[in-house]
Every structure is written in C-alpha cells, then in structure tokens.
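So that you can tell them apart, the chains are marked A, B, C and D in the order they are listed, and the count of residues begins at 1 in each.
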C-alpha cells in the first residue's frame, strides 16, 4: 500500500493549524532544512524531468542519510536513480522515470525495479496533478475522465469509479495526496517564504498548498518589499512555507527557467557512467558528487564553472528574443 | 429550474470542437460582439462587485435589446439592477447582490425579487467558483465542504451529497457550470484573444475556460509579439476567445485594476437616483446613459472626463508605492 | 445605548474588544468594516504577526492608517499585499485549513450562532430581500468564527428566518451531522458582552460582560434566553493605548462613529 | 527497410505522412521527436493555423528551425509561446475538449491501438521496466490520437503486455464502456502505411499504403492480422517542397536520420 494516502480531514486540519503560519524569517542552511524531513515520510519534488528539480535539497537529504522516504513527482529524472541508489528511499510515485528521452531508459531504475529492490508506482500524469490539487483544496478526491480502461488504473488499488449523480456518466475519483514535505526550487523568494516563479510552474503550486511542510530553495532571496511591489506574481504564499534556503544553481545539473539551461555535458557524463555498470556507476557518482564535497559550492565546483557559465548563458537567452 | 446546468460531456465537447480555435484576428466592435449572445442564453460576467465589471458589453447587450438572458457572477453590483430593469434578463445567479456595502441594499433588486418579477438565485461564493472550475476542467461536478447545513443549500435543487469512498466523510457535490457566453474585461489582450490580467483575477480564468464562447473587452489591444515576450503572464488563451473588443474605460463607473479606481461620484449619483423611487430612477438612468448616447465614448463623456481622470489618477497610484 | 457612555463610542468598544479576541500569528479572514479595522488594530497592539485575508483574493495587505478599504474586491484592499489570488483560491484556503479565524459583522444571529443575511420573513415571500451570503456561508462553514455586531433584540433572535451562514445549526451535534466537521462559531463580540457557545448544546453563553453592563441588560437586549453564569466576569475597559491606536487607524471615524 | 529506398529516409517519410494527417486550425498536443517535427512541418505547408501544445505546459510556441526542443518540460520548448500554464492545466485542456489531436510516438501497439510504454513482459515480473506513461495515458484517453511509429513485427503485437495508453481496449464498445466516451485512436502513421481502425470492432485497418509497399509487406511487418481491403489506395510520395521544408526545420537530422 502506498504511504500517506487521503489523510482524513480533521487530522489534515489539525496538522495545518498547528503550523506556525505567521510572517517570520525562515532563512536557514540546506543542512538545517533537512530537519524538516523525517525518516519514513512522503516527500514531493517540484519541477518536472530536468527542469527546476530541487537538486540541492535532494543532495542534502542524501548526505544526511535519511531513510525509508517515499517520493512523488510529475516526471522523475536522475534524482530518482540517486534516491534509490543512496538508500534514502525505495518508493517513487510518478508518471515517467528515466533521465530524459534522449538518454534512453535508466539502467539504475531498471536495476532497482526489475529486481524488486524498490517500487516505481505509475500513475497517469494528470492524475498526479489532480491528486495534489485535491490535497491543495482540502477535499479527499478529484473527479477525472482518463486512466479508465487502462492497466495503469488496473494495477492501482486506491482508485474509485462512480456514476455522476448529475449526468449519469462514469467518472474516476483519485484520492488527495497531501505530502508530508514538498521540496520546491524557485527563482526568487523572500525570507518569509513568499515565492515568485517564472516560466513553467509544473505541479508546484498545488503541491505547495497540499503539503504539510514546504522547503523552498531559491536562486536568490529578495526582500519582502520586492514581493509586495508585485503581489500578483507571488505563486506560493509564505504561510505554507517552513524553510527558505538560498541555493544558487540549486537545480544543477538540471535547469532553472530563465536562469540556466540543463548542464548537458554533465548529464551525458552521468548517462555514460551508468550505462554499462549501472550500480557501480551510480555509486561512484554519489561518492564523487554527493558524499565527498564539503558544501554545495564545492559540488558546483566539481561540476565545473565552465559548464555553469555556459548553462547560464543559454538560460538567460530565453529573454533575448 | 436553473438554465444550462451540467451540460453532458459529449455535447460540451462537440460544442467546443466545433469552435474555430485557430490563431486568427477577432477584433470587432461592441455591436458586432453582441452577435455572440443569443436570446435565452446564460451569460457569465467577469470581475466582482465594482471591479473589472464588463460594463461596456453589458451596455451593448442592453442597447441591443436582448431577451430572456440569465446571468451568473461571483458578486453582482449595479449591473444586476440594469439587467433586470432593462428587461434583458430576469434571472441572476450570484452570492451577493447590491451596489456595494457602503450604499446599502439595492432598492431595484428588492423591487424585482420581492415582487417576484425576477429571480436572484443565491449560492455560496466558493460554490460558484467551483462550478465554473468544474466547467473549466471538463468534469460534471466539484466536491466541497461548505454550504451543508444551511438554508442556502436547502433551497437549491441541483446539489448532491455523497459519502467519500476514501474517507467516509460527507461531501457536497456542486454541478459544473458551462456558461453559453462569458464577458470578461482585461487590461491587455492581443487581436487573437490572448489576455493578460493584472491584480485580482476573481473567477475570470475558470469562467473563460468553462464557457462555450468568450467575449473579451480590453483597455488596449497589444501585439501578439508583446504576448509572446511574457507568455507566463497570459491568463486566458486565445483559443477560448471568440471576440476581442477594445473598450477604454470599459468598466466605468467601476474599476479596472491599476488603470482606474471606481468613479465614486457617479456611483453615489446612481444610488441617490434609485433610493426613493427605484424603478423611476433606474429607468431614467437607462434612458440617459444607455439608450441616448451614440456610442461608448459618448457614454463616457456623459459620465464626465473629470471623473475619468480622477479615477485614472487613483487607479495608477497602486503602482506608486 | 445601554452601556454607560464613557470616553469612547459603542463602535470603538466593539473594535477594541474584537481586536483582543485575536492572537498573534493567526491568519484572519476579515470582512470590511469593524472586522478589518479590529484585525489591523490587533496587529498594532498585541498581535503584530496577524495575517489578513480578504475574500476578493488578497493575502496579507498593509492597511494604511486613514485609508481603510471600503470593500474587499477592489484594488484599495490590495495595497502592499504579499500575494493576490483568485476568489476561489482564497476561499479554498479556508477549506484547506490555513485560516485560524473568520471575522465578520452580522445583521441577524440566533441562539445557535446562525447568521442571516438573505431574507427578512420567509424565503418564498420575504418582506425584505437582503444582499445574500457573499463569502459568509463558506467562511462560517469552514473555520472558527468571530462575529462583531451590536447587541439588540431585533438582531439577536431565537431562530433566524434563514440560515445563510451556519453556526451550530439546530444545536447539539446537528452542525457536525450536516457535514460541517470543522470550524464553528467561537465568539460573538458585542457592545455589551463577549459571547461564546455551550459545547454540548451549541447555545449562546455570556463569557464576559463589558464594564458597567449587568446580566439583565445583556438579556434584555437579546431575543432568546442567554446562558449566563452568576459568576460571569467583566472585561477590562479599553485602554488609552488601544483607543489611541484605533483613532490613528480610523481618524475620520468611518467605521467607529 | 522494406520500402524501396528513394531520396528520403524512413523517418522523413514518417514525418511527411504524419504532417499530412493534420488539418489547418487544429490544436495539436504533440510529443517530442517526430510528432513535434511533423506538426511544425504542417504549419509551414498546408496548415499554418495549427497550434501546438506541450505537456510541460506550453501553448502555441514558435519552433525555431534547427533548434528543435529535445523535451517538452524545459525552457527550450517555450520559445515565443502564447501562454505557459501548469502541467495539470495543459492536460485539462484535453479533458475540456479544446484539443483536436493528440500526436505521439509509440514503442509497442496492438490490434486495438493500445500502446505500451510501461513493461516488457508481465507487470509483476517484467523483463524490462520501461519509463512509463508520462502524458500518454491522459492524451489517448481524452482526445483523438495520431501515432507515428515504424512498422515492425515486434512493435505491432496482437495484444500489448500492458495497456499504458488505451486505444480501443478490447475492441467493440469496450473503450466507451470503460468510461472513455470521447476521443480514440484515429491514425497510426508508419513508414509503410497509413493505418486506421474499424468503427465496429476497433481493429487496425490499412487506410493507404505508401508508394511501392505491397499489402503483403504491410502484413509481414505486423504481429497480427491487419484488415486490408483489396482496393486499398496508395499515398502520394513526399514532394520536393515537403522534403525541403522538413530539411530546413531539422538540418542536423536530429529526428530524421
């Protein structure tokens, strides 16, 4: 059974009401933010595939040797390999799982799933979005019209069909997903957690509203005055947020819209490293890039300043047209 | 029975599929846009109370002597009086109906409802939003947790209660509302109907996605190139839109966020005019401001340039802080 | 006015007493008028960390002294806000549980804390059609409520003509049984007293009387039998600091005349 | 390759034939690779009013020749878009009915047009765990589908191991009965033929063969019995104009090698 499905309403409210939702400074380090994630919890990851992946926090959780976490994300890329291989989690709920189409099927994912060492729980893309949305709205389910008739639905045990009392149509109900913690990387956030996102927002906003805790990593921390100058650009309100961490290049080697594109050479390097001997490759990668560096800046340095600058040049170019 | 409730899925899709959804010029006059509204249809109005009321289109529909329209809006202000008094509609679905708190209870609304000449169908504020949202999502209902236990729910005949199959909780289902036409006023729109909204968005976005036709009035028409420079600021996509009308001060005497505040002296004048003899007052108002002017500019001129300039000065001041 | 006239108005008393009902750090969904003013007053006094929400879609605005917004749907109520969202989204914050207190005025209330803002007389043939619920029904269905209103017999009736915004419905477990499993009427702040509700029956109870108000006066101004404990306490009168802060916020006495 | 080698590759043939399947003014939900390229090609040829949607949340981008986006979730696919929305919102456009065509590639398809991108072998003990549905299940559940894929026996199987993205499920009325009352598999465009589906049985049928392809060749490259009418027609070969436009879009042959 999947963990953390359809939290009952009174318990969800109690948990929410017990959070300190006042306007207060929440700035801390990656290591301190790890304190908001406990072993065994369900963690949702913002972004999608190679875009706005909250890699800095995933990196910190792996270094903190968390255990028995389960994860969900719209589409999972290499962070899924690293979650399984590092041992912090053995259950990932998503609609698609591999580094990215151009790199083929993840050999690490295959190793863990085909040997039943970990679970890749497959839901349709939209159903995951609607599960977060139900969680965000404080209702126990969302109605939808896809997934019926498929084996994706057939192998899930927490779906319900109903006949619509208004139209008589067959409707699928998917249960709310209220993650214990959501990890979301943004371009700008103030010290209180008011986050402004540019470009594609993926499922991040519903995810933040649904979660029982939210950790925001941000390219830069801006003042609350800046937020209040453009309040209609704020996408995540401060009272949903528990921790704010400034993490420049916090998605590397993935992209952050308008700031940097993916670091393709590094992604090619990882794909090559894990192609033939997936487990040896991913373990070597973890040793070199996750456990060895002293801090996030050292991790970035290992990836290489040249690659960062190139990715940043390409990233900003979206505003050149 | 309320009109136009819970359109069945196949008919909704057929109607949507039959619309010309290509990227094409849709710029026209207020009078031409009236052709998209047929007698007897359900019309939803964007904005709320005295903010972003699509007054230019309401004005045009009244002048076009439409008949038997029904309307819905989050909160209805004076446009409700004018709809009833002009005879274009005798049924309004909303959560609150009067000019605004400071002007007291509308005597025109009272005249029509207390004498059973027209219907004010009361739903909770959130339930109206969720009805548009269900319509926008292409599902026949939304689940929610308010309205139960109240007489607001007791006097409605198209609500359903259910027991949640996941949690056993009692849940209220409200039916989708897919308006025949939505009238929405925005700050900026391109000729194709890509609309960008500033400030409070009310229920406009769900309404646009739910409607079977959308008429956008806009303070100014901007180029498609401008839209494509900031695609994450577009709030309504062109393929939902059927008509684009440039109507400066198109919400007067109400406000348009960041462009002009309400024209309070004119609103005071209307309130005074209808306080003692509601029907005589509102009919005199319609004659003077609706039927007499040659065009929208003449309507604005009757209201007074001094009032427009004052409202514009106050409106822009939101960006001065 | 039944209360002995001091150096403050009944509205000022209502404002100060309402402000005291809020705690620091709370997220408060406020209506215009006294609730907005009282929430802002609380921010200036004991509760600087209070966040105000408006039903038009505003999260955490700065209310500027002397420039109180007249409505909750226009740009004046968005000044220096932290975030603007749609109406549906801001109401869903109540449903999701992010809000601590719904804070409204009331036209008519009954022994179970039900509010009516829809009809005077029967809904089928009303003597007055009122403007309706607005956000009231959702707010009172989904969170803990504080209502601020003057205490008068015609406003405090045994059973409202129409339950627009549910309190404890028909008392006992009827609110919960109807499906409203969270929230509920918490306090009614009037110019005479602070009123609460009996946990078991859901009926209105006097929590404290304002200075100089007798139990008899409170009862006389109520259209049903109030639960009054003989040992009921008395509130502290508004302090000079409270009144000064209030008058700074509303110098033109827009809401405190 | 079974088709006589002309002055174009099999991928180019697939692209041109897929582009022809789109009509002007359509809203097309496109996957990366051939679908994206073919939709862009259609815009340059007979269907300038086609609007492209990507599952990452992009509405109506300009695809720049020579800079084809490698994925549907990164900023490269948002160049000069008309609007960006969330993933959930862009998928809901399918459900609401705003989309005319879902346009995808496929790894494995069966006689009823069901697609598998989840498991090779049984789901409980697969020989290969594939990456999964992504947007495929929602797209094929909610709109009319065009799939572009090479026609090979191992890809065209009688029944897929796992229905990731439903076609006509088990044939007959089974798709509709399962609750999928709209959409359905419309065309499978391959390097050998244009395939459709029998209205009654939901089984795959040859609509037209590409120039030089015999019915026997089409059948040989299919793992189940195709419906082939003896009078089945032949498609027009790619024109010079089509090939020139295609090569202008993908000069490095990223998708058309």
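Everything below uses one rule, namely that a residue touches a chain if its C-beta (ideal position, glycine included) is under 8 Å from a C-beta of that chain, and two chains touch if they have at least 3 such contacts.
The shown structure was predicted, so the numbers you read here are calculated from the model rather than taken from an experiment.
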item	value
Chain D and chain A - chains in contact with each	B
Approximate Å spacing (C-alpha centroids) for the pair chain B, chain D	40
Chain A-chain B separation of Cα centroids, rounded to whole Å	38
Centre-to-centre distance between chain D and chain C (centres being mean Cα positions), rounded to whole Å	59
Interface hub residues of chain A, defined as touching at least two other chains	9, 138-139, 144-145, 169, 171, 199-201, 228, 232, 321
Residue list for chain D, restricted to those that touch at least two other chains	58, 78, 80, 84-85, 92, 95, 181-182
Inter-chain touch pairs (all)	A-B, A-C, A-D, B-C, B-D
Partner chain C, residues of chain B touching it in the complex	48-51, 74-75, 94-98, 100-102, 105-106, 109-110, 113-114, 120, 122, 124-127, 129-130, 132-133, 144-152, 154-155, 161, 169-172, 199-206, 255, 257-258, 261-262, 315, 318, 321
Contact footprint of chain A on chain C as seen in their complex	24-27, 49-51, 58-60, 62, 78, 80-85, 92, 95-98, 100, 181-182
Complex interface listing, chain D residues touching chain A	32-33, 55-58, 70-71, 73-76, 78-80, 84-88, 91-92, 94-95, 118, 123, 126-135, 137-138, 141-142, 162-166, 169, 174-175, 178-182
Chain B to chain D touching residues, read off their complex	9-10, 12-13, 16-17, 20-24, 136-139, 192, 194, 209, 224, 227-228, 231-232, 234, 237-240
For the chain A and chain B complex, residues of the former touching the latter	5-6, 8-9, 138-145, 158, 160, 162, 164-167, 169, 171, 173, 175-176, 198-201, 228-229, 232, 321
